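Both complexes shown next keep chain A, but they swap its partner, so chain B is in the first and chain C is in the second.
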Partner chain A sequence: MRTACMFLVLVGCGTSREAATVELPVTTAASALPPVATDLGYEVTVTDLRIAISALQFTIEGEMHAGTAANDIAQRSGATSIIALPHPGHSAGGEVTGELPGDFILRWNGRPQPALGTATLVAGDYHGANFALRAATGADGLDAADPLLGHTFHLEGTVGKDGTTRPFVAVLDVEPDTTVIGAVFEDEITETSTETLAVEFLAADPFEGDTPFDTIDFFTLPETAGRIEILPGSTTHNILRRAIQTHDQYAVVAQ
Partner chain B sequence: MRPTIPLVLALAARAHAEPRPSTAAEAIDPVLAMYIAEAEAHADAHPETILVDGDASPVDTPSAGVRVVDERELQLTPHKNGDDLLRVVPGLYTSQHGSEGKGQQFFLRGFDAVHGADLSIRVGGIPLNELSNVHGQGYADLGFVVPEAAGGLVARKGPFDLEQGWFATAGSIDMELGTTARGSRVGYELGSTRRHRLVAVEAPVGGPTAELVAAEVMRDEGYGASRGTEKASVIAQTELTAGRVKLRPLLVGYASTFGEPGVIALQDIARGTFDRDSAPAGELEGQSQRMLAGLGASWKHGADEVIASTHLGWRRLALDENFTGFLVNEVEGDARRQQHRAITGGGRVAWRHRVAPWLRVLAGGELMRDELVQSEDRISTLGEVWRNERALAATTTSLGAWVGAEAKRGHWVAVAGVRADGMYVAATDRLDLMRSGAGTVGAVSPRASVAWRTPEASISLSAGRGVRPPEARAFTQRASREGTAATVYDGGDPEITMANAVEVGGERRWGRVAAGVTGFATWIDHESVFDHLSGVNALQDGSRRLGVEAFVELSPLPWLAVRGDVTAVDARFVVTDNPVPGAPRLLATGEVRVDRKPWSAGLAGRFLGPRPLIHGASAAASHVLDAVGTWTRGRWTLTAQIDNLLATDWNEGEYNFASQWDPSMPRSELPRVHISPGRPFGVRAGAAIQF
Partner chain C sequence: MRYQAFALGLLAACGVDSGTLTATVYGEEFIEEGIPAEEFSDGWSVSFDKFLVSIGNVAGKAGEGGDEVGDTSFHIVDLAQASNGDGFELASFDAPGGDYDHYGYQLRSDAGATALNAEAADVTAMKAAGYAIWVQGSATNGAESKTFDWGFTATYTFAHCDLGASIDGNALVAQATIHADHLFYDDAVSDEPNVAFQLLADADGAAGSPPDGAITLDELAAVDIRGETRYQVGSNTDLAGNTITNLRQYVELQSKTVGHINGEGHCEEQLAQP
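For the complex of A and B:
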């Protein structure tokens, strides 16, 4: 049968054919974020995390050699795909082969979240995901008093050390056009795939164990109404922002 | 029927040997004598022959994937320009995604050779592939070739010949300049695309074939929008003999302007945004200019012969292109302007020494120096530069050398040796001087071919390595790692890409019928690809190509020749098992030539099977039939050429990538199939008068 198919492909008067695609729902993982231990000995538990993003993309590694992964090269270039301007015959095509366009608020609070939408993916062997970070707006359906409004990250949780636990909140801004490139997404997508794609926040790097909260001495930070605050304009804000916007903290898994 | 390789070599040897008494060292071996007898038997069928490497005895590398085409066959191949003459190379698919004047995209033996990265092309002995051209490594522009000045070509598929240098990873083509039609000619051609072409050829009567001046001026509005071309070209070559030395000076001047229409998404055609004649990119255009001087020399005395050549050229290429519309930048658009200027000089010497009647020692070397300045900028819809992306000045000093031996004994022929290629590159990044850098790369390529041949049959086995150099930009320093995670790939050193190939073939001849079949395989362990955006040398996983070629040719009547060939290739990346995008899996061509004065005609058909595109898309199969006919009476010759006789809608190029031309549609970065439409039905009629 396969031989017959190959023969038809070889000699058949085929017409142009677009790549096969499949549409899959995308959501955020519903499980609660596990507590993580920082290098300074704090145990940080994020109970509610929201991130304003746009344009979720899914990428394949293509023919790049292992260790030369396309996502790494893209991250090096600061672009969302390794070829900025495709050109016929010149590495035609970026490596983005799946996408969920639009603006979204990613949320992890231990409860199931509504689907972000339906992504379109070309059948293939996927190795990464990208998304752009942005400031949340009223168009995201936020109340005027919502602390995420006008910002990109909003985290709430608790931090403990030596038997003392305190609540904390962090509101983070990012530079314009900041993108997260190369979040882990290992999945073979076919025309018949039916899984749901869930975006995960990894409070600790699964390979190196480091966390975005490393080097932050929480108990020395200012408090408001008994709650530690990390707000734009502070050094701590910049430390946390730099760590939390890297691809190490995110993954997409099939459910 | 075209002469087979041994036949031509025999004719070449005979042509050279006849004027002088033969010596023991120059004695023709029995196999060669048989080929000469064969040649004489078919002298009427192919009165012209070309001499590989000038007048000296060519090296008879007996690989199977070689085709020699003479001047007459080229003239009876339907053609619009010099590029089209390459259609006679079996298994070679050329694709134009700009318009006439831009370099072709080449596909051969499972390689997407882009604009020449894997196909070495020489014209008049001068290498055309441009090192580190801003538009693509190895860019080979044949636009200056006046078809009437093409005296024949030799296509060598695979990297088996010791004299094949850079870019011969898939193969090489050597086009000779010259004409056997002596005298003065002036011709005019009028085409259905409002093509006006004036050509003049001066080939002094009694002069050598290589002596001619050919000039053309052409203007063509092209089919569809923004496909117009204007060009002027002049080629002047002569041959001087001084004792045992023959000199062949060559001068070339060329300038062209051509449209850059872009490529059209099939979805946009289906939606009605564009039709097949549209030019999504608008009125963008490119310019190509060249000045070239060359000098070939040959010398033969006793057991020694030397073939040498030197060349010096100035080159400019400027391209304004947009293939993605407003995908990357919704306001300014994605158009870019590439500019490249280079001065290239070089020389080559091949020495052949006969140590025994059956054995020759082969040695040679070549040197090339290339100085280039190039830039790539993003331009707005008004053509104004809004961002500099690339500015480079570089010098490349390239050196190649080979040594080997050629043995012919009885029915056996063998050529074996080793070749070494290296280059030193100094690159200055003019946008960031701190990133300027330099480096040296080199590679050794063993090559060997052996064949058993009789006038009726031949079997050959070849193995060899071809090399593709890294581009100059790859030698710039890597960007700072500050702020970059340790796990992020930082690029590798620039490397030569090496293709290891083997080939086995057989050919059988029965009188006026010949048929042959060749199997080939090529492996590339990994490729070093410079990614222009990230500025790193990315390693691409290895690839392999397995294929088979077959041909049949017959000459049932003295004035009728028919040929058909088919090439099937499976080209894949070894890790993912994905097919090499764009590379044809099946390509079949057919040629019919009628040459019975005062009439002559040529019919050329091609079937291209469906091709795999990147990310699982596929390109359509296509079939095209072109024709040429001439009638000569007295001083007059009338010519008619028909493109796409069957008026099929075919796609010359198909590509799969994202674009955004219609602002009313949701923005998407998903790849979609784009096409570059092939030539529609068209007619060109011409008249020439001989003085």
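For the complex of A and C:
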């Protein structure tokens, strides 16, 4: 994925004209995250989720489930020559034609969140969104004791099974430069668009039904002060972070 | 089959002379001589008995509107054979002048592929199995040794490779460079993955049979990587679009990244199709 030359539409060589753009507010969805059922029979409810990200991008032809996976490119392009394949920035992973630069903390806790900022988008038919994951720092306005500090994900919630419910917390790290590519974002943006773009966390993959909590046997995990903990350095941490960093778990919707 | 497509380009190369574009393929010292232990993070080293690729459909173009030249034929090449650092020539054709910022090639099974330096039996086996890449070799760590024999059946396309060079009456070489060490990268997300073999070695016997020193793809498929700290795959899926959960899927994902251009040059487009 590479950032295209935004806002410029090439017309032949040496000349250009400015494309129509629109500025739209971006926030995180305010609704509470619904409980999800895992493959091991647990019901997991995330009550508070925070993720440290940067550089939210919006792409035309980028959603991973919309037939734009690399496997389909040659067929879609009708290319008889590999030279005729579109550049990646033109189609493969989606041309980046909208962005909200900067560092942010995405949060979902069932309450309205402050706007992240105002994104600038070229008018067009959007199908995907990307963002980079990072470790939260003091510059994010976190207290020194904030459990997200120095990490990428912080989740709190409850997990239940067979009539028993326990609280859990998870703190997750990711590899530097990890990006989420191809989150769902279906919206036709015009120069008169006024919608708010809300980033959603999908606790269950709407296409496959799986959850990032699958294969985790919560009630066998260590507890601290009566709360199940998933922390860096554990196999469970690795399982959860692998699943939660995929594009399946995220979407951007127009509100 | 060589060809030259005359596109209705917006740009015309002015004041430059045509020349020759020669397509080659090279596996570098890592394939011809092996990957030494100092390249690995875990003490292993790897040598290849054979590193067969079915390569072809080479094409080049100078500029977006330039005339395309290429050769659609396929060749089966054993990159483990010594080439004195030159690699192996696939085709050579006349090419118009200009800056060659578009080049591409494919690795895929092709019924019409001809042997360039591969043994006839290997060519027959490659075609019968539908292999685009077929690697056979061994890995050693102290007294421990493992062999591997892995075939990859995807159609790999490496396109929009920038040769970073021009033709103006001269001969230009476009070398498809195959990076074998990518098969052993321990992370598909990190910009600085380690070259590692221990998890692959530990797969021996994972499919239920006793360890026999030979690591098969079935054994790799039996290794669940979801709990691994390394071997992250981000948003990547396997060729069928499934979540990558095992080591075979992971190695197959890595195989998509072996193709480069003129050494360390990158191709913008790296596709793997079933």
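By our rule, the second predicted complex is superposed on the first by the 207 of 255 C-alpha atoms of A that agree within 3 Å, B and C clash if a C-alpha of one lies under 4 Å from a C-alpha of the other, contacts with A are read in each partner's own complex, and residues count from 1 in each chain.
Note that in this section a contact is a pair of C-beta atoms (placed from the backbone, for glycine too) under 8 Å apart; a residue touches a chain by one contact, two chains touch by 3 or more.
Here the structure is a predicted model, which means the values were calculated and not measured.
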| item | value |
| --- | --- |
| First (chain B), second (chain C), both or neither touched by A:Thr21 | first |
| First (chain B), second (chain C), both or neither touched by A:Ile53 | neither |
| When both partners are placed on the shared chain, which of chain B and chain C touches more of chain A | B |
| Contacts of A:Asp125 with chain B and chain C, given as first, second, both or neither | first |
| Touching partner for A:Leu197 - first (chain B), second (chain C), both, neither | neither |
| Touched partner set for A:Thr246, first chain B, second chain C, both or neither | both |
| Chain B versus chain C as contact partner of A:Glu99, first or second or both or neither | first |
| Common interface positions of chain A, toward chain B and toward chain C | 12-13, 64, 69, 73-74, 81-83, 85, 87-89, 92, 246, 248 |
| Interface residues, chain A side, partner chain C - complex | 2, 12-13, 64, 69-71, 73-74, 81-83, 85, 87-89, 92, 174-182, 208, 210, 215, 235-236, 238-239, 242-243, 245-248 |
| Chain B residues touching chain A - in the complex, by the definition given at the top | 95, 97, 105, 112, 114-115, 136, 263, 266-267, 321, 323-324, 328, 334, 336, 479, 484-485, 487-492, 526, 529, 531, 533-536, 538-541, 543, 568, 573, 575-576, 578, 581-582, 585-586, 609-610, 613-621, 623, 651, 653-659, 666-676 |
| Of chain C, residues touching chain A in the complex | 5, 10-11, 57, 59-61, 68, 70, 102-106, 157, 159-160, 187, 189-191, 226-229, 232-235, 237, 239, 241, 243, 268-274 |
| Residues of chain A touching chain B in the complex | 9-21, 57, 60, 62-69, 72-77, 79-94, 96-99, 101, 120, 122-125, 246, 248 |
